[in-house]
Amino acid sequence: MVIIANLIQVLLIAISISIVFSKDNTRVVVFLASFSLLSACLYFLNKAPDVALAEVAIGSAIMPLFYILSISKQREFIVMSHVDDDYLKNEKNQKGKGYLLLENFTDYYKLKLYIFNDAEKAELKGIFRKSNVDLIIEKDESTNTYFLIGKQSSILMNKLAQLVENDDKTIVVKVKESETRD
Amino acid sequence: MEYIPLYLIFIPIISSMIIYLFNLRIINYLIFITQATISVLMIKYFLFINKNPQFASITIGGWDKRIGIELKNDVYSIAFIFLTIFIWTIVSIYCFDKRKNDAKFLFFLLFLEGAFLALLQTNDLFNLFVLIEIISIISTILIIFKKDGFAVRAGLYYLLFNSIGSIFYLLGMIIIYNIFGTLNIDVIKHHIHLIDNDLIIHAAFILMMSAIGVKSALFPVFTWLPKAHGAAPSSISALLSGLIVKSGLYVMIKVDHLFNLYTFKEYFFILGFFSAIIGILFALSQKDIKQILAYHTISQIGIILMGLSTINQITFYGGLYHIINHALFKSLLFLGAGMIIRTYNIRRVTEIRGVFKTMPLTSIFIIVGMLSITGAPFFNGFISKSLIVHGLKEQTFIYFLFFIINIGTATSFIKFSQIFFGKSKLKGQATINEKIALFILSIACITLGLHFNYFNQYLFHVESPVVILDLYNIMTYFITIIIGFILYQTIIKKDYLVFKKIRHMHITFETTNYLLVLYIFTMILWSFKAL
Amino acid sequence: MNPILSFIIILIGIYGICTSKHIIKSIVCFNLIQTGTILLFLNLGYSEEGHIPIIGEQIEKIVDPIPQALMITTIVIGSTITALALILSIKIFHYYGSLYWKVVFDREG
Amino acid sequence: MIKKISLLIILFIMLILFIQMQFDLKGYLNYFSHEYFLSHTYKDTASSNIVTGIYLDYRLFDSIFEASILLIVVSGIVYMTTKEGEENERVFIFEKVKISNLLTILSRVLYPFMLMFGVYIIIHGHLSPGGGFQGGAILATAVLITYYIDPDKITKFSLIIFLEKLLFISILIISSLSLLTKNVLFTNFIPNQTSNTYRSIFLILLNLLIGIKVSLGLVSIFSSFLKEGRS
């Protein structure tokens, strides 16, 4: 019994070392799940079935789920569009100019593009605080230019600004968070 | 009657639930009813305890002391409870205008009060851990209440770093538990001198102290504090700086009394000095109005630590008294700063001008706070600083170090006071509630300064034997101010490169953790002295 | 069963938290330290002849039940802190476009 | 690099000190609680599972705060992920995801068993390993499985939050009922003279409430995670 427990502990040490030195986050989470499953076994061998049950239910079922969910959320690039022409069109043969640009951009960072249309124009002030939109696309009808509005704080915006440098019809606007009322 | 400690904890918690569940504007006034109820209960309990001291502790559930959880009130906890209720009342008056429709904010605020009151009274090591964690979680949520980028990143930093710190507390607790088989502080205190193995005792002490150091922002591990204070709403900054940081110091007093180790007294004195100096150095280089105040919190905590970690009784009570005073004037300053920021919409000290013209009443209150923090005669900061200095007078070198700290504080507040001068076309937007809150706080600052003897006798049962208000101390203060003014004009105003470097210094999260490890390691090295 | 081995896990976690540059990995390392602590507590109270702390027939000795009760609480606390930290990390990503501590804290605004 | 090496050295010193300390510690290990609980728990708390006895009676105060931590975090997360004034309109499960048939069928088979297992663990918490928290977590996983079976199922989100708060208040009320019967707070409210079968009603009730509360809390955290970012 003791030998098995010690073996599992050595295994745990190995897993924790590989967690510390691993660079891929998804792999880290899988390691973590197996880590807590093994530690639940150890709790049981330590004659603590209650703790083992808690660890199995939480540590190796629910927590990895939260991790995976948050990692997948961190791979999204959310675009809110106020444009109703085919700038952001995404069909098999023809893709809109803006869509190509954004696709190019998100591929560079290995992000997943997520576009949704917002019919009514929301007020811009404070929108980034309220919801997790990364980019808002608006169109000025008179001059036919598109505005890509994003947060100044985001490091991704620098790259986007670089991509549209030579394009007159597309302008990247960086919005600074205004000081909130204290 | 003897269950009042429990009512004190659960009345705020239940009323916070009611506020959250109903989410009505009228129900939100419950916050004041709650404050009134618990203050009345507390006064009753205080009188009751003075007559029957045997009821000062109750074991919840009526179990054996070694098995169940005990709540115990002593001199310190009663003083802290009064302070807590007072500050919370002030903060709820201050923020009520803005938050009266915001049931969630009031929910977290009241819940935090309940948890904090529980922390002050509990006499159980593990219960202490749970409550420390609750307090860090609620304060995180309150820090990120504005939901902007600054706040979110500061909140995450605060949450993770504090949780890592409190794991060390848990480790220390594990060692203690395995020796004594109980978690009750009183029982452990009874038996701790029987253990002759220094290594175990020192290890437990070091581990617990490292968690407390994180919680109360001591010298190497203070980096979370300015971030959190800068990002939080002003009322929360006042709470954080006035009380939540003090929770670390309170636990420290408790743990220190539990272990009763003389080895570390000197170590914490030096650490306190370093915290004070570093805090002032950073405060001098900052330009953000809230960051200056936040770094001053670090330096004041250093002063308190210097007071608490001496064997001299008067100095110890000076440190204790300074905790209360600091809570009063620092919340006054933070609340005032919040009003200034809201009026001007900028936070840079160099750009805010003419506050005296726009908000005359508010600036008078802020000046009271500034006089207190620099230790002007007749204000409360003066009393506690003199009490701390009194015990150190014989040691000239230490007295000199203290003098340096005072000069630094004076200099940086002379820099801060530049906001009052000049002209401004803005209109003040202070509401009457906010003015009332500041007024009460400044009155408290002055009263505690004038009638300190009475308070000391009544709360701590100590006499203050020293004649504090002598000419020598008053002269010292004016000399400090003059030197500070000269320093400001010659050095600080020019904004040398050194200060710019300090201002833009970033300590990343992993480095902070490394500093925590170093902090533990220095304690280990220090403990070899005794082994 | 050996407390030293579980202490090594804690040390590895501390090493990880002092060197990891990514927010998610810091949270994972926090979980490592926590699990190590729980293991340490249980290991220290372990005794070979003790039984599982459930009262049945003819049990003369049990392992210490208090650590188990405390550690359930610790697991709850750890998991809630993790959940909160993860939500905050999502928010941070959308604000700063990165999850490296250095990048996040260097950005203005 | 210097940082890493010095860190390794420091950690190594800590390890050596710990090994030293651990040998010393063995001489001091205290067996007070082992004997106390073996002889007293069943009489005191009517629970065969000593851990549950500690958790729900001796140290009930801790458990209440533990439950409140979950509650605080749930309301904090909900605050973080919702826009102002939108909380009432929110629904629990919201977008339809394409799921393979195998998974759906498997979930349909698994669902009742998991539900049963969770309830079993909650209700038998005072007899066998388990209790409110563990069972609640299992129940939460069971509820999450419904996400695969029937993605269109809509539950009002505010109801979940409301119920959670209500359950916390009822936990408080039930645990403080003993003030009326025994004049002590936070312990079993059924008098000591009654048989243990009746006295365990208190444990079952508390376990059940904690279990439902925990599962609701975890489900709402989960759905907050899902909704995060989808304005």
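Observations on the model:
First chain written, first letter: the chains are A, B, C and D, and each begins at residue 1.
The rule is short, and it goes like this: a contact is a pair of C-beta atoms (placed from the backbone, for glycine too) under 8 Å apart; a residue touches a chain by one contact, two chains touch by 3 or more.
Treat the numbers as computed from the prediction; the structure is a model and nothing was measured.
Ranked by distance of CA centroids from chain C, the top chain is B.
Looking at A-D and A-C, the interface holding more C-beta pairs in contact is that of A-C. Chain A and chain D, compared by their mean Cα positions, are separated by 29 Å. Distance between chain centres (mean CA atoms), chain A to chain C: 24 Å.
Distance between chain A and chain B, defined via averaged C-alpha coordinates, is recorded as 37 Å. If each chain is reduced to the centroid of its CA atoms, chain C and chain D end up 17 Å from each other. Shown for chain C are the residues that touch two or more other chains, namely 8, 14-15, 18-20, 44, 50, 52-53, 63, 66-70, 72-73, 76-77, 80-81, 83-84, 86-91, 94-96, 107, 109.
Of all residues in chain D, those that touch two or more other chains are 3, 7, 11, 14, 18, 25, 29, 33, 49, 51, 59, 62, 66, 69, 73, 76, 80, 129, 131, 133-134, 221, 225, 228-229. Chain B has residues 126, 130, 133, 137, 140-141, 144, 147-150, 178, 514, 517 in contact with two or more other chains.
Interface residues of chain B, counted against chain C in their complex, comprise 126, 130, 133, 137, 140-141, 144, 147-150, 152-153, 155-157, 159-160, 163-164, 167, 170-171, 174, 177-178, 183, 506, 508-510, 513-514, 517. The touching residues of chain D, counted against chain A in their complex, run 49, 51-52, 83-84, 121, 129-131, 133-134, 137-138, 140-141, 144, 218, 221-222, 225-226, 228-231.
Taken together, the chain D residues at the contact with chain B in this complex read 3, 7, 10-11, 13-14, 17-18, 20-21, 24-25, 28-33, 36, 44, 57-62, 65-66, 68-69, 72-73, 75-76, 79-80, 162, 165-166, 168-169, 172, 176, 178-179, 182, 184-187.
Within the complex formed with chain A, the chain C residues making contact are 1-2, 5-6, 8-9, 12-13, 15-16, 19-20, 22, 24-25, 28-29, 31-32, 35-36, 38-39, 42-43, 46, 48, 50-53, 63, 67-69, 71-72, 75-76, 79, 82-83, 86-87, 89-91, 93-99, 103, 107-109.
Chain A makes touch with chain D in their complex at residues 48-50, 52-54, 57-58, 61-62, 65-66, 69-70, 73, 76, 78, 80, 114, 116, 130-133.
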